[in-house]
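Below you'll find the structures, each written out as structure tokens.
Presented sequentially are two complexes of chain A, the first with chain B as partner and the second with chain C.
== the complex of A and B ==
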């Protein structure tokens, strides 16, 4: 698939990642297993009349879309492609609660209209007045990566286009509580999330966020990093993943030693973090290893934070110390590999590269 | 006790999520749509549901809404005349 360039990127997460002047120098230390995204001043990006009906996911998506477009110096993308694991579940839950509470009467349209998975993509298009291609992918923990792959395909056919790709997920109250019951989330009332990666209990911590990137086939003056290759694997054992990563690197003419830093999706789940631990020891023992979910929590498009982290590292040539999980430090950052999975499924492998001036 | 127009303003703000607007900012005769509060067609549907749920008024013809929702005072007068709860 075609190499593409990131010309603008914005991430809204449980850390103040939307502030362009900060790169995780100061962090918020969360202490509960479910924590919300850090709210920027949404009113700077969305008109109050439009915002009054927007759920958190829509506000996060529209805001990061505008931030990424501004960074890319682009007013109007040619296409909008979004990925979401859960969609606008907050409004879905409110709509269902109203059905129950009002005995299936007095149903209003707003919650229903705003409860579909493609609401965010639609609202971004409405806000911008974009009438181009608009598709939303719902593919669990690889939703964002699938959206990126669709953009790569489009750019290989129409290289003149600039595409806005987004990944958005919000915390739905009831579904998140169900995930605590089925073991996906930790049940401790208080938890030091910064220490998440040392956890020995099952489940992870839940949060929410949005990432938007502007992609093009050709390098522009605003390009900060490139996405060289993306691969997704539905289900695989740890040993198969190691083979897949090796094969992925060979296909790009590389070996693990060519990777300057590896960004991993460790989420403190004692049942599944062995996928990461195995490759940390077997493939990347002598490579700088970085993690981020002990800062931003996990959600189905949390891997998009890895794209943001990688882009910033490649652009700034510096790593936030709070993300480092081993003692290795690269001398420079040219090639960064991202690997993520959720509960042993939906694995993604991504290679990102430095853009030469 | 709040008058019906005041009560209506509170309910409109709540139902339509007009978070940045205070009751005092809505004039009794201000147009609700267009140049006034700037409500739209989705809000009209929300107001139809509000009439039914809060005052037991079921609009048979949604086009009636255009006249009824002209302003808070017009709405209040219609409710006084037709309410069943």
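== the complex of A and C ==
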């Protein structure tokens, strides 16, 4: 597959990651199983009149889109591809509750209009006036990765294009509480999230956020990293995942020892973190291992934070100490492997590379 | 012309039939399904007409042989039944033998189940298995798992153009050699959520819809699932399969005009048709028939009509019809339902009529086909448009 250069990236999360000078030096320590994103100054990116009608997901998506485009020195992308696990769930939830609680009466269309999964992609297009290709993917924990894969495919078809890819998910209040009922989230009232990865209870912690990246097939002066390969696997056992990672590396002419750092989606769920623990031991024992969900929480596009972390490491050639989970330190960062899954499903394997100046 | 990607199977479950054969029969007999709603309790019962699949969830579960603790929403069950028919027609039993993907469009996902249990999840632990089932991606994965597809599985949700975009992505992935074969299409069940959503927008008709008619009053909602099997040339050589047709053109553009309304000159629709023709390497006059989006809302039909006039020229718009008056608007599934109908048009050399048309629109002189036509058809264009400005066009040949 053709190389895919990242020319701009912006991540909004439960840490102040939208600040370009911030690289997880100082951490916000979250203490509840559900916590919100750290809000940047949305007003710098969205006019107040437009913002009043925007849900959190749209605000986060439009803001990170503008930030990423600015970094890439690009006014108008040729395509907008977004991924979201739950879509505009806040408005969707409110509309549903009104239907159920008011017996289908007194409904206004605004919530419904903004409830569709493609609202963020549509609003970014509308804000930019972009008439190009526009698709929204909704595939649980690989929603962001399948959007990246579409962009990669498009760059192999039409290498002259510049593509905006986004991943967005917001916290809907009541639907997120339901995730405590079915075991997806931890139920402790107070939890020291920074210690999440050592947790011995089931479930994880939930948050929200958005990442936008600008991709091109050709290297530009703004290129900070490249995405070499992406693979998704809908469902597999831990041993199959190990085989898949090995095969993925072989296809790239590599072995685990060629990987300088591995970024993993461990989320403290005692039922499913063995997928990570198994490869940490079997494949990457001598490789620097990094995690981020103890800082940002988990949500269906949380893996996009891994893309941000990886891009920054490849660009700066340094690792935020708070992300390190073993004692190995690489001498340089050329190849970074990302692996993520949720409840044993929707696995993603990504190879990112350093860009030579 | 672009050599395109071969279609070797199709399956459909719609208000006018449980199989491809039953759908064809209803189309040939001009048999509409649109009627008063029966399967969902809603206070809008008398104010709307819909296209329903007259099977209960229990009947669907029995058809699929699901256990009592299954996690299939209605959307997932409709999808699984239609996808199985498509695989059967393509004669695929050894799903793991080649690299096979699944790409499904849906807008409601498991909303039909969520709205039944949402207020009772707290009291009823039994229902909690459906909490995750509300997600569109979960719906797709449930179907994929049932079919035995475990590799590339994704969901596209671009409102009413979802399934068209799924077909487009599948064709692109096959052409790039990323998959050997792929099941593509979409599924959406009727739900209180969409009934009330479209009702609040005041675009639901209380009569059977009349696409492209001057007096059109809005759309009828419907529910359906439909899928195609696409296969690479290498697979065709290996298996010597019957090819039902070929998808040769595809495009997706954005109207960038309004979150729900289409622009007056149909810019997004125009761009989608123009780019699909370019991908197909075809001139507009190569199109023999258009299966229009034609929802029968005042806004869509005007915008789509103007876009067709811009592409084809004032006096050269090909024969066209909307099949929405048979099935209702099946939302995310519509692009796949109409892909199946387009392939049936090509196979049977038939143009299915646009039901209930009587008065031409004032804004232009476009008149849809009103009676069944036997024609030599080579190339059919199908449009699907959705909220968010999403406009997609597919072109099929036989």
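Throughout what follows, the second predicted complex is superposed on the first by the 353 of 357 C-alpha atoms of A that agree within 3 Å, B and C clash if a C-alpha of one lies under 4 Å from a C-alpha of the other, contacts with A are read in each partner's own complex, and residues count from 1 in each chain.
Heads up, the rule we're going with is that contacts are C-beta pairs under 8 Å (C-beta built on N, C-alpha and C of every residue); 3 or more make two chains touch, one makes a residue touch a chain.
Nothing here was measured: the structure is a model prediction, and the numbers come from that model.
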Once the two complexes are aligned on chain A, which partner has more residues of chain A within touching range, chain B or chain C? C
A:125 contacts which: chain B (first), chain C (second), both, neither? second
If we overlay the two complexes on their shared chain A, which of chain B and chain C does A:175 touch? Say first, second, both or neither. second
Pick one for A:108: touches chain B only (first), chain C only (second), both, or neither. both
If you stack the two complexes on chain A, which partner ends up touching A:47: first (chain B), second (chain C), both, or neither? neither
After superposition on the shared chain, which partner residues are touched by A:356: those of chain B (first), chain C (second), both, or neither? neither
Jot down the residues of chain A that show up as touching in both complexes, chain B in one and chain C in the other. 105, 107-109, 113
Complex contacts: residues of chain A adjacent to chain C: 80, 85-87, 95-97, 99-100, 103-105, 107-109, 112-119, 121-123, 125-126, 128-140, 142-143, 146, 150, 153, 156-157, 175, 178-179, 181-182, 184, 232-236, 300, 345-346
Please name which positions on chain A make contact with chain B in the complex. 48-49, 52-53, 102, 105-110, 113
Hey, which residues of chain B end up touching chain A in the complex? 15-20, 38, 42, 45-46, 49, 52-53
Residues on chain C engaged by chain A in the complex (per definition of touch): 42-44, 102, 106-107, 109, 111, 114-115, 118-119, 121-122, 128-129, 131-132, 134-138, 140-141, 144-145, 149-159, 165, 169, 172-173, 176, 178, 192-193, 196-202, 252-260, 267-268, 271, 386-390
